[in-house]
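What follows is chain A paired twice: with chain B in the first complex and chain C in the second.
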Partner chain A sequence: MSLLDLITGIAAFLFTLFIFSYLIGDNPLFRLAVYIFVGVSAGYVAAVAFRQVLWPDLLFPLLTGSVAQKALLVMPLILSALLLTKVSPRLTSLGMPAMALLVGVSAAVAVGGAVTGTLLPQAGATINLFDTHAAASVPQLAQMMFNGAWILAGVTTTLVYFHFGARTTRDGSARRFGFIEFLAFIGSIFLAITLGVLFAGVYSAALTALIDRFHFFGTLFGLH
Partner chain B sequence: MDTIKCPVCGEVNPADAEFCRNCLSRLEPLAGAVKGEDAPLQPGQLPTKRVTADLEPILPQWLREARETARQSASEEAADSSSNANNDKPVASSKPDLLAGLASQGKGEDHEAEEIPDWLVSLTGDVPVQKKKDEPYAGDAQRARWVELGGQEEGTSSNTADAQASSGTSVENTAPAWMAPQEPAPEKDELADWLSRANQFSAPAPAPLPPSDQPAESAASTPSTSTPSPASETPDWLNNLRSLRSSFETVPSSSEEQPALSQPDELPASASPQSAMVEPAEIPDWLKAFDQGSSATSTYSSDMPDWLKSIAPQSEASSKAEPPQTEVSPAPVSSETDELKSSVESTKTPDWLSSYGPANPQTPGSTPAFVDGSLENVNVEDLNASLQAPDWLSGSPSETTDQASDEAKPPAAAQTGEDIAPAALPSWVQAMRPVESALPSSIPQSSRDSLLEAGGPLAGLHGVLPVGMFRPTSKPKTYSMKLNATSDHQTQAALLEQVLAAETVPIPMKAPSVIMSQRVLRWVIAVVMFLVVGGILFSGTEIFGLPARIPNDQTEMAISTIEKIPVGAPVLVVFDYEPSLSGEMQTVAEPYLNRLLLLKHPRLTILSSSPTGSALAESFIAGPLAERSYKSGKQYIDLGYLPGGLAGIYDFARNPNAVMPLDVDGSPAWQAAPVQGITHFSDFASVILLTDSAETGRVWIEQAGPMRGTSSLVVISSSQAGPMLMPYFASGQINGLVNGLNDAAKVEQANGQAGLAGRYWDAYSVGLLLAAGLILLGGLWNIVPGIRTLGMEKDGS
Partner chain C sequence: MRYLAVAIAIAAGLIVLISYFVPALAMVQSVLLNWAIILAGMAALVGVFNLISVHGDKVRRREKGNIYSAVLLVSLFASFIFGLALGPDQPYIRLLVNTVIVPVETALMALLSVTLLYASIRLLRRRTDVMSIVFLLTAVLMLAASATLPFGEILPLNNLIRPWIQQVLALGGARGILIGVALGTLTTGLRVLFGADRPYGDK
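And now, the complex of A and B:
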């Protein structure tokens, strides 16, 4: 182990302890670790953005590029300058055109990708579960139908759960139609299972990270 | 002897004096009872007629001197005229000329003549020298003088027409406008215009008469019919009345001196007594007009306003009651009027004219305008005075005629000029005095005595109305100060008070022991977790077996994808995870990438849509993949950070060479060995996405998935993102999914080489069981108190 690895290992160990100190409450060690992490991350991001984006894609072509390249970069340069005005409350309105461009383009790309990449393929996949031609045997067909039924029930009842249309009862409360209410109840079960799976996944990820940290400490101190 | 002190100047005056003899101020307050001439007018009472000449004592000194001089000059002129002409009628030279004194000033220094307007100097009867050649102004000046004198010289003019005719310029000066048609248009000034309008109004009848054919007497008498009247200031009905009156008054004088045969046909009947002999059927139109005028006059009784109705009888009565007033009306006028009335009565009245007459002439109590003797009794002067015309304009021809005929009589002003009481007011001023009915009669004497104003701008004045005099006639309505609150209001108020009181009550804080217990519980759980997981990890136990491989699941499909990748093929590896989850991601991705590099030796192209992804990639290659000895620029190339989010991903999938032309070192990327032959996104044999976020995985699947062609897409994800990416594997949008430590352990099993996943497996499994046990224990801990609370409630019930 080199000295650099030792120093970085000790620093990593200390910062890990600082973060773990949050178990006993908010303390300066935890804040120190958080502030250093945020500062280093911001600085690193700024350096990456300048080194890998602004300089090679904007400034360098403006300085050394052809006239056509420079002409094409006029609009990005103006929009970038307008974005810089967002740092000033008085001039923040000048950055609105650049922000409008970003939001508009991003929203359009996201909607298009969601329709062509998620909505239509997922709907088609749910429908294709009942494709009997894909089944090679009867047991496989039964399995497909069973899986398809479960998935269809989960998708349908979950969508019904998000149907909040209701009518007012005599006592003034809003209540959905009985059949809709039943389907929504089934959908809520699927949602609960899904949220449980997500929570288990989050816990599993955190547990894996904890074990990795323990492994790091063991490697650092030769506990293995 | 009782005296009274003037409140203004302090002069001692007799007790019965009403005005101060020094300053002419009123000695008694206005609010007090007034007496004598100052007594308030009663409703319907006519004000006392005053002649303007009576005001001479109060005129300024210069004006009085001017008037005196004018009177003297007028007397001299009258004497000269009487001596030159064969007219025995006296000239009414004694008539006061208010502006006659201006003659002396006009004759004085030149600079004074320049200051005084010519027209004003000419009013004195003495035409300025420099204005003698201005003939057009002479007529206007004469007319102005005639009007200023209240028409009193009219008689003089009419009676001395011959003398004026012989005196050269006097004819032109005294002749009306119709007698001097050759006169050039005079220059306009306000008074001259006004006088011209007055003459035009008052002289309609003599206009057709040629001056040459008309005898002197006729010419002299004709203007008498044009009694000057302020036509511009009086209503039409009053003008009609005056013209009618003048016609009646002019008839005798003209009939006496004017032959009937010499009277032109165009002359009105009122100017000729011969018209009375005309048959009714032959009544000309102009006589009908006269009838119409008379009938119109008779309609006064029905059309006149009430106040005028009330005036008419009074004037009649006053004329009867007051001999001096009756004497003013000349007797010849009445006799001639009777003749004219007889002729008028003999004329048949048209139906349309009779419709304007009184509804019931015989009705007692309604007096027609013209009845027998009415003209004898009606005092026209009183009627004029009742119309509140100024005195200097209300001089009637009858009075003028009377004064002219009676030259022996001295002018009234001359007679009474010295006898007029100080501060005598004209009648129109008297009419402005307060009426008795309008004066408050209930003012106590003490209040009147205390009405002397002691301070302020009105100090020293009597009769200042005190503020206290005007008291409200009714008491203002009083409102109760009690609040009319119903029981509901009181209930709501009490509720509001309770709410406000509840706001001030401090809310009891929860016992800190609970917080301490939670913190201790957190410490206990943390310690248990650290000890159990760390102990198992460092102990190296293998309590739990590795997960079994399931055919055709997402992990097996990912492993099979590697088998489909050609050796040395370009593979795009996307590092899109955060440093916080780098421990998990490296553990999960390490077996899969080792298998790929070991089996296929692909040329790696590293890309990241996160700024920190490039560093994590370098760390990953230098760490878990260090055994593969991959070198930058030879076996792999790092394109660095891809900006733009999903738009950048979409753009890179469309044209990777244009979007990322340089690598992370700034060198041209697409000329390096790892990316040789890559021009499109589909040229990559496989795309491996390392992500800890389901959102990032979805964006890559949505934006770049449709453009990858036949290349495979494998997602290596964290455990927290795996469940959300499973549908994309089920739909076939991704070819394989390595999700978390569980799938990593499967890959290691497929590799046949122990790795970090296998080493972490027992600790991972114990950690999962511990978490599940703690969750169940916490649930039971919450259930027990709930059951206990329910039991206590049942016992209590």
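And now, the complex of A and C:
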């Protein structure tokens, strides 16, 4: 182990220990580690944004590119300068056009992504479970239909759960229709099962991270 | 300025959206996307400048906890200057990431194993309804089925129940959530594109 490895190993050990100290409550060591983490991460993100986006896509072509390239980059240069005014509370409204372009393009990409990346594939996958030509045998077809019916029930009742249209009752309170309320209850069961599965996955990942930290301690102190 | 911003958002958004269906506009779409990427990079820098401004003010005014803000600023400037000078893929910068960012992120993730356990116990004490019980029962079943137990795996749980819950029941719920999220994204995106929502305003 070189001296550099030893120093970085001890630093990583201390950072891990400082974070684990949160188990006894919020304390100065935990805060110190978190503030250093935020500082290093923010500096790293800023360096990556400059080196991998602003320099190659804006500044370098502006300095060395053709006239056509430079002409195309004048607008983002102006908008970038306007965006910088967001730092100052007095000049913040000057950054609105730049934010507007960013939000407008992002909204369009999000709409396109939601339709072509989620809505159509997910609806298609639910419908395909009832494709009778996909099954090789009758028992396989029966299994597909059985599972497909459960999945379809899960999809529709989960969507119904998020339906909040209601009518006002005589006492002034808002209530959903009885049938919708029943479907929403079934949907809540499906949601609870889904979130339980996701929780188990996250918990397993957290346990894996805990084991990784103990493994790191063992490696650093030569225990294995 | 407000009307100009609304016009820019609607025009840019609609051109990008229409380009999905009109291949002749692909070139314009590519230019607008490139501009948006540059602005996103600049927005990241603006965010970091804002962080510097907030913590710089704390240090200047000698507010409570200003020592932490000073530490944050020193670590931020150090990693930014080294990252800028050497490049984010340089071995020394990777070493910095592996010494600070990876251990802290992994340790925070590891802390989650304790806080999640505590939260699930509190859930049962605070809210004992059908949804909570089904949620915790499913989580325990999934963990028991995936764990390496001293007496070997629980066969029907591991071979039959877990795959069925994961691949049928949870899939149905997850698909419902995904479609719901996509519908929400679609609605919000269209509201922005038609100018009903203006999240780029100064108020």
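The rule is simple: the second predicted complex is superposed on the first by the 221 of 224 C-alpha atoms of A that agree within 3 Å, B and C clash if a C-alpha of one lies under 4 Å from a C-alpha of the other, contacts with A are read in each partner's own complex, and residues count from 1 in each chain.
Quick note on the criterion: contacts are C-beta pairs under 8 Å (C-beta built on N, C-alpha and C of every residue); 3 or more make two chains touch, one makes a residue touch a chain.
It should be emphasised that the depicted structure is a prediction, and the values quoted were computed from it without experimental measurement.
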item	value
Which superposed partner A:Gly124 touches (first chain B, second chain C, both, neither)	first
Partner chain in contact with A:Ile24 - chain B first, chain C second, else both or neither	first
Touching partner for A:Leu4 - first (chain B), second (chain C), both, neither	second
Partner chain in contact with A:Gly218 - chain B first, chain C second, else both or neither	first
Partner chain in contact with A:Val109 - chain B first, chain C second, else both or neither	both
Chain B or chain C, by number of chain A residues touched	C
Partner chain in contact with A:Ala153 - chain B first, chain C second, else both or neither	second
Partner chain(s) touched by A:Pro56 [first = chain B, second = chain C, both, neither]	first
Which superposed partner A:Thr16 touches (first chain B, second chain C, both, neither)	second
Shared chain A contacts, counted only where both chain B and chain C touch the same residue	20, 23, 41, 44-45, 48-49, 51-53, 105-106, 109-110, 113-114, 116-118, 122, 125, 194, 197-198, 200-205, 207, 209-210, 212-213, 216
Chain C to chain A touching residues, read off their complex	1-2, 4-6, 8-17, 20, 31-51, 53, 65, 68-69, 71-84, 87-88, 93, 95-114, 116-117, 120, 130-132, 134-139, 141-143, 146, 165-183, 185-186, 188-190, 192-193, 199-202
In the complex with chain A, residue positions of chain B that touch it	519, 522-523, 526, 529, 533-534, 537-538, 540, 579-581, 583-584, 586-588, 611-612, 614-615, 640-641, 643, 645-647, 650, 661-662, 664, 666, 692, 698-699, 701-703, 705-706, 718-724, 727-728, 730-733, 740-741, 756, 759-760, 763-764, 767-768, 771
Touching residues (chain side chain A, partner chain C) in the complex	4, 8, 11-13, 15-16, 19-20, 22-23, 31-54, 57-58, 72, 75-76, 79-80, 83-84, 86-87, 92-94, 96-119, 122-123, 125-126, 147, 150-159, 161-162, 187-207, 209-210, 212-213, 216
Residue numbers on chain A that touch chain B, as the complex places them	20, 23-25, 41, 44-45, 48-49, 51-53, 55-56, 105-106, 109-110, 113-114, 116-118, 121-122, 124-125, 194, 197-198, 200-205, 207-216, 218, 223-224
